[in-house]
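Below you'll find a set of structures to go through.
The following pair of complexes shares a single chain, subunit A, combined with subunit B in the former and subunit C in the latter.
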Partner chain A sequence: MSGAQDMAPPGPWRSAFRALSRNRAAMVALGVLGLMVLLSLLAPFYAHHIAHTDPFRANVAGSFMLDGKTIDIMQPNDNPLHLGLTPAGPTWNPSAYMLGSDSQGRDVAARLLYGGRISLLISFAAAALCIVIASVVGILAGFFGGIVDMVLSRIMDIMWAVPVYLFAISLSIVTISDGLHIGPIKLEADNLIIPIAIIALVYMPYAARPIRGRVMALRNADFVMAARSLGVPRWRILVVDILPNVASSIVVLTPLLAAFALLTESALSFLSIGVQAPTASWGTIIQDGEGLIYSRPMVAIAPGLAIVIVVVALNVLGDGLRDALDVRETSKRGA
Partner chain B sequence: MTDILKAIELRKDYRLPRGKTLRALDNVSLTVRSGEVLGLVGESGCGKSTLGRCLLRLTDLTSGTILFEDQDISRTNERALRPVRRQMQMVFQDSYAALNPKRRIGDLLAEPLRVHPDKNGQKRSRQVIEARLDELMDLVSLPRSALARYPHEFSGGQRQRINIARALALSPRLIVADEPVSALDVSVQAQIVNLFTDLKEQLGLTYVFIAHDLAVVRQISTRVAVMYLGAIVELGDTDTVMQRPAHPYTAALISAVPEPVIGASDRRILLHGDVPSPVSPPSGCRFHTRCPKAEKRCSEEAPLLRSIDEGHEVSCHFPNL
Partner chain C sequence: MLRGFRLSFRTPLFFRDATGALSSSFLLKQQRPASDIRIARRLTFSALACCLVLGATPLQAATVAPGAPDSPETGGILRITAENSGGTLDPQISYVHITYQMEAIVYDGLTTFAKTPSKLSSHAIPDLAEALPEPQDGGRTYVFHLRHGIRFSNGKEVTPDDVVASMQRIFKVNSPTAGPYYSHIVGGEACLKDAEHCTLAGGVEADGRAWTVTFHLTHPDAEFFDRLAFQHASILPADTPSHDTGNEAPLGTGPYKIVSYEPNSGLKMERNPYFRQWDAVAQPAGYPDEIHYSFGLDPEAAVTAIENNQYDWMLESVPLDRQAEIGARFSDRVKLIDQLVIYYAALNVNLPPFNDLRVRQALNYALNRKAVVIYNGGPAVSTAACQMLPTGAPGYEPGCAYTKGASPEHLAPEWKEPDLALAKKLVEESGTKGQKVVIVTPGSGGSGAIANEIRATLVDLGYVASVRPITPVIEFSYIQNSDNKMQIGLTGWSADYPSASSFLRTLFSCATFIPHSSNSINASQFCDPKLDALMDRAAEVSLTDQKAGDALWAEASRALMAQAPAVPLDQTRRVALTSTRVHGVFDTPIYEAVFSQMKLRRAGDAP
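Presenting the complex of A and B:
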């Protein structure tokens, strides 16, 4: 028997992993994501040991040293009347205001890294929470059908009827004034769980619907019929026959949800109804840069570029996962 | 010969939108005798697969009674049905769809052994299960190394052997095979039909063998039931039905089997039109719209299944005798 064991073919998950690791685009995307996470984690190190700055303290009157010269953070405006002040532009030197300063004299590069921590945390956490809720809802609705499906599907229809951003904005505005107080749960307005929960909730139907459809198709698959005729109990059919076959759909949806969550988080924060000051996220930094868009565009461009890079990487990774797990193949053959 | 399964006036309706109903089974009564092979034939859509699934309680009946070894199982809930499920198993047409693509063959075959207790009501140990898996592979002539592989690595014929092995795992008495060979190459079909025959001899099984291919049915079954639009139109010993079909529909079906004889096609009975929709079946005899012998009475009065000879039943006003 040991000979047969050696020849045993790899399981579906192992072969999917192999296929993914051979997909160059997906591997690059994974590398980019890893790099973004790593840079974000290094934010305090960069701020304290390289840029020597506190990115959360206004420093309008301060100055910094560059090539032996002292430069004021706030410089007179270069418009003809020299009215008002303009923050320092990018120095492209990591040790001092590499990407320039924002209107409160804070180092944009350091804030970008700190903002990355929050933006990535919220988007990954929201995607994780969303996929968990959506899986539970989709699997319950798809597997039990009937009244369970009716109730859950109608709730999703109602949520669907409201445009995602309108829904997210409405919920955010309600919770932003005094946080969320439901029974024993008391969340302050600046608690990160609030935007995470809102984003997870608004995208839930978009993930739950395909999962429900997949489960419904699987429920009528011959191999489920075969399991029933073998007398396998219903819950066991759900766990051993249905779950492993929807798992691939769930895995494929997750990076796409993270991309949507990142965009939504940035939008809410840009509108000042997501992450609250003094916490920074890429969305709040773009908002900081809005007023400086003509004089110091880098303040808005840098976080915008970071968002684009992460969203593209997540989508490429999602495509790679879909190809590796071959989600379509099983549904085609199952029909 | 004792009766292993008795179906009495089975009816299965599917509700369609706008208040319509599709009657897939209309008062089907049937007896399966212990040790026989009952062939179930008919065109696609005639309800033979639905009947097969209803007999095993995989689809709920609208009305009717099913007795398995004199025990009424037509209303039993899934939990109480579990011990009965050990005795009756199904083999499906699509050998790939019937096997979970994410699980190894050994895992798939062990599933029934893990779920059901053994004769003493004990949970089977791993050693017992592994020994049984080896036995099963020998029964269906597959190498034991196949247990470590996944369904997609096998050919259609091999996969059907795996499906048969799984159906045999709990040593059932009755197997309902739903077109088990119609998706296979002709050369492989013969092997699988022979496997069914050998297993029946070896293990004393009873089959309900669903097919649309009369040649296959003639080869394996001892009795034949012919279905048309959700009802049985003729029932009898294979030889009798094949050589002296009493129902015009059976006669037409048999004449459609290609024969390697010159001039055979001249004797073919051609039916006109399509099978009517089971949503609005014709009045009277359901076959009268296509029957070459139909008369006025046929469109008014539905014929009942009646005995015309020892063990030969037909539902026709004007049977060929």
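Presenting the complex of A and C:
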């Protein structure tokens, strides 16, 4: 009996996990993502115990010690008129402004880690919220068809017709001054739920469409027809037959949505309509570095690199998940 | 007052005239009346003959226009850019610096400020008046002798009647300074109540035969000449409409006249054909043949345009983020201009926690002015302020009450560092720790960073502080209105004319606090009758003994800071960038730059 069990083929999820674990690129991407998350979680430890700095407090008049010397954070320029001040550049010393200072005298490295917490939180939360809404909309539209499909599809068409960044910027501008007030729900303008909800909303049609298509295909599948013939309630068909078969699409879409969400959050924050000061995100740090792009490019480059690394990792992971969950690929592997 | 720029729509329409000096002279000829062209031709032929004899370059003498300096540097088009226009051109109404600067070479008053290199504390000098008259009747009467032969840009001679009409018009058009600067002219109060029928009867009298204008004041005024030099007392033709002329510039007497103005795109000045220089200091003849202003370019783009010689001058200061760049690449084209300006945080002395002197002093002790200086561009362009009189103002004496090791009784020579320990002790004694404080600040520029510095300081002192940014156009009025219950408001103040009273009396006297009004310049709501009496005495003594008067103003400044109704922040210098064509730029106390005196290099001239 146990021998028979051992001989049984693995379930689709276990098979997919095995396939994923054999995909080196996906595994590296997963490792990089994990590392970025870990580093971000360690932000308070780095700021308080290594860099000994408050990354949210301006410190233009301050100084720090490096190799026994006291160095002013804001340094006068050596032009003939001594016009302008330039923040300290990277020291590459973790305990002394490793990546330099921004124009308010704050430690860029510490802000980068704190910014990562917010940027990753928003991107993962927005992706999760988006995929939940998109799944509900896509499954309802695809499964029920008719008037339900028509109404939901037209709403998605309208949302799709507006360029995604324009849509996000418009919604952000509306909520940036007074926050969001819908009935009993009152969110202040600096509440992180606002950018999360906006990003989830603008990407919803992009996730709902493929889910709807998959559900429409499944609706006429033999096993669904059989269940209907047997009088199985609709909700049970949805939960037991449809949802597990759509899950692979949902899982594949999620990291890609997270990558899009991260880019959108950065863009909105760069435009000052996303995360609000003094909270830091990678987008706000890039904005801080905009005016220093010639003199202290590291202020903008460091968060830019972080965004690139995470987005590439999410995309590679998404590709890996798609390959791992692809039925045809699975069949080939099985063969 | 701190003159701001009025907002206008940005229209990317500029004067695209990039002609050189020679072609601009040609253009000028095309636009001049036929009689002028004939005169110019005769001058040209005469000059040619002279040049042939003397062996000089004929071109230089041939292009000198009537009323222009006879100099090889005369001619060309000066191109100036600004983000916004200043709104109305009416010199008796406009209260923005851009218009004041532009119109300084279009209009004259009985007195004016020197348009040559001079100190920040320089007082008014005669302009349309032949001399500054001796005070009579204990400083209540002044008889001005008008110069003969000065003409408006339509050729009509300036008469004593024009002076009387212009003084009446200040009230008829509700000039912003009619009350504070001119209501002490006999009949002024009546004019404030009934502007339409203002006559200033018994206050300003013209004598056409003696060519004099007599002013009678209700009380002596040590700053009367300075007030007459302010743009609102410009002398205009008597038939100028008694309403805001808006986009139409009234006729003036200066070396230039405004020939076209479109607030969204640009303004053009040409030479006033009837101008002949009467005083090289009060209103010198202008070098450029034309001055073109273009509106719409933001300061960042303006810097780039001047770097590329597309414009010669920008009306705004160079933005902070470009200063290092221009300092490194164009230091020979940068001009640092001293200004009589003070930036400060007004503390509402009638609301907690700043109704407690100890708290006001604590914030003064605790605030790190080094950070403020850095936020405003660093020590090259900003100086930490310790009192409400800026450096260079009459009555200014160095001294800092609120820095480590100093007190209102024992001043330090200058600000050194904050004294957080003493500040915390004062707050502890006041029992106000934990209270909420909202800092109101203009919503753009460097003020936000300084507001955050103050917020952090207040948090260090134990308060729950937050920053409330407000649109800059509204913020200045907002903090003045006591109904808004402002606790701290960030603002700045620049002098209409160099005097201690325009800072101390205007900002902190009992008379300038008007409850429930957005026109209550005393934003701190500070009123100390003893200090008022001291300032009155300083003004009175200044009438006869300027030095003794200045000493009293210095005493008033110290007495004011002992009460700490504000936190002085810093005094800044304006950073100007010029094209390679411009030279001859100099400091003047009020106008900052006199455009008529900017000389343009011609193509081929060595820089």
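Here is the rule we go by: the second predicted complex is superposed on the first by the 316 of 335 C-alpha atoms of A that agree within 3 Å, B and C clash if a C-alpha of one lies under 4 Å from a C-alpha of the other, contacts with A are read in each partner's own complex, and residues count from 1 in each chain.
Definition applied: a contact is a pair of C-beta atoms (placed from the backbone, for glycine too) under 8 Å apart; a residue touches a chain by one contact, two chains touch by 3 or more.
Being a predicted model, the structure only gives us computed values, none of them experimental.
Engineer: Considering only the touch criterion stated at the top, classify A:Ala61 as touching first (subunit B), second (subunit C), both, or neither.
Structural biologist: second
Engineer: Output check: A:Ile182 vs subunit B and subunit C. Expected answer is one of first, second, both, neither. What do you get?
Structural biologist: A:Ile182 sits against neither subunit B nor subunit C.
Engineer: A:Pro76 contacts which: subunit B (first), subunit C (second), both, neither?
Structural biologist: In the superposed model, A:Pro76 contacts subunit C only, not subunit B.
Engineer: In the superposed arrangement, does A:Asn245 touch subunit B (first), subunit C (second), both or neither?
Structural biologist: A:Asn245 contacts subunit B only, not subunit C.
Engineer: Can A:Pro12 be said to touch subunit B (first), subunit C (second), both, or neither?
Structural biologist: Touch status of A:Pro12: first partner only.
Engineer: In the overlay, answer first, second, both or neither for which of subunit B and subunit C A:Val232 touches.
Structural biologist: A:Val232 contacts subunit B only, not subunit C.
Engineer: Pick one for A:Ala221: touches subunit B only (first), subunit C only (second), both, or neither.
Structural biologist: Touch partner of A:Ala221: subunit B, not subunit C.
Engineer: Compare subunit B and subunit C by how many residues of subunit A each one touches, and report the one with more.
Structural biologist: B
Engineer: Shared contact residues on subunit A for subunit B and subunit C?
Structural biologist: none
Engineer: Which residues of subunit C touch subunit A in the complex?
Structural biologist: Answer in residue numbers: 320-321, 323-328, 331, 334, 336, 368, 370-371, 374-375, 377-381, 449, 452-453, 456, 575.
Engineer: Which residues, counting only subunit B, touch subunit A once they are in their complex?
Structural biologist: Residues 53, 56, 58, 78-79, 81-82, 85-86, 88-90, 92, 94, 96-104, 111-112, 115-116, 144-145, 147-150, 153, 163, 166, 169-170.
Engineer: What residues on subunit A touch subunit B, complex-wise?
Structural biologist: Residues in contact with subunit B: 1, 3-5, 7-9, 11-12, 221-223, 225-234, 236, 240-241, 244-245, 330, 333-334.
Engineer: Which positions of subunit A touch subunit C when the two form their complex?
Structural biologist: 57-58, 60-61, 74, 76-77, 79-86, 104, 278, 291, 294-295
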